[in-house]
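The two complexes that follow have chain A in common; it is paired with chain B in the first and with chain C in the second.
Up next, the complex of A and B:
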C-alpha cells in the first residue's frame, strides 16, 4: 500500500509522498498481516492439500469429503458439530433471558447497591476457563459433596446426579458452567442499552398509560434488540471457537464418550494428536476451515441481515 | 398508601433476586478461597465453614510453592501480558491515528481490513501459525505468544482508538502544525495524552483474554520455562487432582491477581463497556 496525496488542500505545502502515514500504519499492519491474516489464508489453503502416497498434493475438496463421509471421521465431526450447536442454543436460551432480567433490574432508577451487584455479577467473566472449569468440577463432584449438600438444604437432594460424568447431561452441565461465567457480558451490554433509552420515550409511554410489564415488552425490549443482536453474535463466535472450558473440565477427549466434543476440541485432537491418534495437519486445517466458514456465515448473517433490519429501531 | 406498599414490595423482590444471583456468582469463588486455607479433613467434613484456628492450614500452599514453579509462571504471564498490551496500544494508536487523521487512497479499505480480526478469531489460523513459529525458531519462547497476542489485540484497539481520535479537535492539531511540530510530535505529544482514557479501556479489554488464554500457551509455548499461569495451573491441577489442598490453593493463587486487578480497575472496565465502546 503506497499512500499518496489525494487531498487538494491548497493551504498545505505540496508533499508528494507522505511517508509518516506509512510509518504510522506499518507496525500494526505488519504484525497483523504476518501473524493473523497470512496464517489464516495459509490454513485455508492447506485444507485443500493432503499427503497421498507420501506426496504432498492438491486434493481439491477431498479432505472435506473425508470429513463429511469417511467412517473414520464423519461420526466424530457430525457429533462435534451437533454438540456445538446445542452448546450455542443453550447459551442463547439461558444466558439472554437471565442477562436481560438482571440488566432490567439493575437499570431501575435509584436502586441501592446496584454498583455492587454489577461488579459482583461480572466477576466470573474475568476468571480464566481453567479456574472456572476446575471450581465447578470440584463443586459438582460427588466426592466433595458440596452440590448434594446444598441441594439437600432446599430439599432437592434426590435430583442430584454426577452430571458431568453422564453422557446425557454432561453437555448441558458444561454449557451452563459457561453461561455462569459469561452472563456478565449480556448483562452489561443490555444494561448499557437500557440506560441509553431517552427519558422522553419512557415519559411518553407513561403518559399513554403504558407502565410496568407492558412498558418493558412494548417499549424497552424493541429498543434493546440491537444490543441483544450484538450479544448473540458475540456468543456465536465465542461458542464456535470454544475450547478451553471443555478441555479443562472433560479433557481433550471431551468425554464421557465424546458427549461434550465440540469443534474446538476436535480441532485440537486432530491437529496435535492425542494418545494413540497421530496429529494430522491437513485434516486439522480442514476442520479450521469449516469453523471459519461457520463463523463467517454467522457474522455475515448478522451484519447484512439482522443489523440492517434493526437499524430502523435506532434513534 | 397501598401504592407505596406495592412499590416497596417490588423493590424488595428486586433486591432478593439480585442478591440471589450475586450469591450464585460469588459462591464458587468464595468456596474455593475459603477451603484453600483449611486442612484436608475440614475441607471434606465442613466445606461451607470458614477456617477456624483448629482447621486452618497452609499445607496446600506449601505443596503448590514447593512443587510447581508458580512464581516463574506468574512472571511469564506478566511479561507476556504487559509487553503485548504495550505493543497493542502503541501500534494500535499509531494505525488509528493514520486512519482517522489523514485522507489517503485506500483508507476505508484499510480500516475494513484491520477490522476483520474483531470477528474472526485468530485461533482458526493455528495450524499455519505453529508452522510459522517453528520455521522462525520461536516455539517455546515468550516472543511467539507476544506476537500472537499483539496481532489478536490490534483490530479492536484500532477500531476503538480511531473512534476516539476523530473527536480530538482539529484546531489543536493545526495549531501544532503552525508551530512547526512534525506529524510524529503531534501524535505523541498532542493526541496520545488526550486519548488516554480510551487507551485504558483498550488495555483492560486486551488484558483479560491474554491473561486467561490456554490455547496458545498449550500449543506454542508448553515448555516448563515458558508456561503461563493459566497453563501452569491447568497442568499442575491435572497432576495433583487427588490432592485437594493443593488444587484449591493453586486455584486461589490463580484467582488472586485477577481479583486484585478487578478491584482496582472495575470502574474503568464497566465504564468502558457501558459507554458503548464495544460494538
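Up next, the complex of A and C:
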C-alpha cells in the first residue's frame, strides 16, 4: 500500500456516530438531573417566592432583604456564617496538616503494620455520624464519660471541663470531633499522591544530598500540592454543607446559646421548623440559595484562580 | 403468661379481622403520633379494647421521633400520605394544621361534651367556636424527690422557696447526693422543667399569662424576671459539668439514686417507677411565702384529631368518640401514670405518685405553659428563645434581666396585642 491510498481511505471512511456514549451517559444524567439539578433549580426558584396575605407570590429579592435587613434574621445568619468559617478554619488548620503528616509517616517504607494504621485511621470515616456523635457525647460526658476518668488517672482532671456545654468551647469541641471522623480522607488522598512520586525523583534528590526533612519540604510537598488543593476544596464544600454531626451532638438549636449554629442547622430549623416553630419554606430556600452561592464562589475561586496557577509536574 | 395473652390477642384480632372481611370491607385506621414510648400500651391495651367492641375497624399506631414529628407530619399532610388520625400537639402547631384544612372540624363529635372548655382550649380556634382535636391528656409540673435520701438527711418536704433552698443547702453540705438533677445541654430542660415549672407561682398562673397575651404585662416585668433570678441560683446545686448534662443523663442520675431532687414533669412517673429502686415522693413548686396561693402548670399536652382527607372518616369518628369516652380515659390514665385525663368524669388512678401530682389540682390553681398559646406564632419563636434564655441564665452566661429583655424584644418585633 502506498501512503496516498491510506489517507484517502481514512478521509472517505465516515466516522460512525458513537451513539453508545450517549446511551451509557443517559442513566447517570437522568438520575443526576432528577435528584440534584431539578431540586436545586426548584430551591432557587422558591427563594424568590413567599406567602403574602395567604397568596403564594413572587417577591423578587424580598426574602433576601429580610434575611440581611431584619436585625434578627441577619444576626442569626451572620452568627451561623461566622461559626461556619471557624468550623472550616479548624478543619484546615488541624485536619489537613495532620492528614498530610499521617500520610507522610505511612509512606515511610520501613514502617511496620502500616496497613493496620491506615485502616484504623480511616475507619471512623466509614462510621455513621450518628454513631460518632453519640460515642463522643458519651466520651466527653462529665458524668459517665471516659475522658474525665482518664484525665483523672494522669492527674489532669483539673483541665477537664464540660466542653460541649460551654459557649466558648462547644464549637471547637464539635469541630475536633468532625476532624477525628474525617481525617482519613486527606490522609488517603495524600498518601496516594505520595506513592505516585516516582522513585527516580527521590533517588536523584538523595544523590544531590537532599534527604529527610528537606526532602519532604523541597521535593515531596511541591509534588503533592495538587492533592492538597483537592483536599482543601473537598473540606470547604463538606464544611459548608455540614449539618449532621452538629445536629446529633448539639441538637437542632445548636446550643449552648447558638454557639455551634452553622448554616446547615440554621437552614434545617428555618425550613422544617423546630418544636413550636413552624417551618418557613421560603426563608429556608433563601438560606439554601445563599449556601449554594457561598460554595459556588469558593469552588470557582479554586478552579479559576488557584488551580490555574498551580504548577504541575509531568514525569 | 403475657406471651399467651399476647398470642390470644393476636389470634383474636386476626379472627375478628377475617370475620370482618367476610362480612364487609375491613377498615384500617392509622394513627400518627410522636409518643413512640407508648407503642406497647397502644398495641397491647388500647387498640385491642377498641377493636373488641368495633369489629371491622382495625387500628395501627405509627409513631415517629418526638423532635421530628411536627416536620414529618407537615410534610406527610402536604403530600397526602398522612394517617387517618393525627395526634395533636397543643395550641398553634395544631391550629395551623386546622387552618390549612388538614384537620377536620370535630365540634359536633359525639363525646365532645365530656370535656370542659379549659380542656378543649388547646385545640379550639381563637374565637372559641370550633374544636378540632379530642383532648387526651395533660401533664403537671413539680418536683420528684428521693424519699429515702430526705429521710436519711432529716429533711421535710419544702413548701416555700426559702425551705426549698435550705433543703438544697443541707443536701449539698452532706455531700452524698447531688442536690438537684438537671442539665442545660438540651436547653428545653432548663425552660420546661425550670422556668415553666416554678414560674406560675410568680406570675400568678392564668392571671399573668393572659395579661401577657393582652399586652398588660411584659416579660421584663418583675413577675416574669423573678423566676429567672431563682433559676440562676439553681446553678450551685446542680451536678458537676451540668452544662454538658443531657436529659437522659439527668433521668439516670436521679433513678440511680445519685441525685435527690428532680425538677419533673408528670410524664416521668411511668419510667421512674420501673427504674428507681428507692421510694419517691413529689411536691409542687414551692411558693414564695407560706400561705401564698400555689399555682401549678397543668399543661394540655396531647389530643387526637381527624385528617380532613382521610378516606375512612366515619370509622375514624367512631374511634374518636371512643377516645372521648370515660373507658378510654381510665385505661389511658392507668397505663400511663403521669398523663392525666382531661375527661370531666373522674378517673380512678392506682399509682401513688400520679395521685400525688393530680391532688395538687384541688389546692393549687392550674395554668398552662406561658409560651404556648398565641405567643409562639411568630419569628423569633418565643418558646425556642425561652429554652436558650433559661439555659443561659442557669449557666450564668446571661443575667436574668438581659434574658428577659431579649425575650421581650423578640416578642415585640412581631406580636401586637389586640387592644
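Some notes on this structure:
Everything below uses one rule, namely that the second predicted complex is superposed on the first by the 281 of 315 C-alpha atoms of A that agree within 3 Å, B and C clash if a C-alpha of one lies under 4 Å from a C-alpha of the other, contacts with A are read in each partner's own complex, and residues count from 1 in each chain.
Just so it is clear, contacts are C-beta pairs under 8 Å (C-beta built on N, C-alpha and C of every residue); 3 or more make two chains touch, one makes a residue touch a chain.
Everything numeric in this text was worked out from a predicted model, so none of it was measured.
Contact with chain C, but none with chain B, is seen for A:142 once the two complexes are overlaid on the shared chain. In the superposition on chain A, A:255 makes contact with chain C only, not with chain B.
Once the two structures are overlaid, the count of chain A residues touched is higher for B than for its counterpart among chain B and chain C.
In the superposed model, A:38 lies in contact with chain B only, and not with chain C.
Using the contact criterion defined above for the overlaid structures, shared-chain residue A:164 touches chain C, although it does not reach chain B. Once the two complexes are laid over each other on the shared chain, residue contacts for A:119 go to chain B alone; chain C is not touched.
In the superposed model, A:207 lies in contact with neither chain B nor chain C.
In the superposition on chain A, contact of A:154 is made with neither chain B nor chain C. Within the superposed three-chain model, A:272 lies in touch with chain B and with chain C [touch as defined at top].
Contacts of A:102 after superposition: chain B is touched, whereas chain C is not reached. Within chain A, the residues touched by chain B in the first complex and by chain C in the second are 144, 272. Contacts from chain B toward chain A in the complex involve residues 11, 14-15, 17-19, 21-22, 24-26, 28-29, 31-32, 43-44, 47-48, 87, 90-92, 94-95, 97-99, 102-106, 110, 113-114, 116-117, 119-129, 131-132, 147-148, 150-152, 154-155, 158, 182-184, 187, 208, 211-215, 219, 230, 233-234, 237, 244, 247-248, 251, 254-255, 258-259, 262, 266, 269-270, 273-276, 278-279. Only residues 67, 70-71, 74, 91-93, 96, 183-188, 239-246, 249, 253, 371-372, 376, 379-381, 383-384, 387-388, 391-392, 395, 397-398, 410, 413 of chain C touch chain A when the two sit together in their complex. Within the complex, the chain A residues that touch chain B are 1, 3-7, 18, 20-21, 23-25, 27-29, 31-32, 34-40, 42-43, 46, 98, 101-102, 105-106, 108, 111-113, 116-124, 126-132, 134-136, 138-139, 144-146, 149, 180, 183, 188-189, 191-192, 195-196, 230, 233, 237, 241, 243-244, 247-248, 264, 267, 271-272, 281, 284-285, 288, 291-292, 295-296, 299.
On the side of chain A, the complex with chain C involves touching residues 72-73, 137, 140-144, 148, 161-167, 251-253, 255-258, 272-280.
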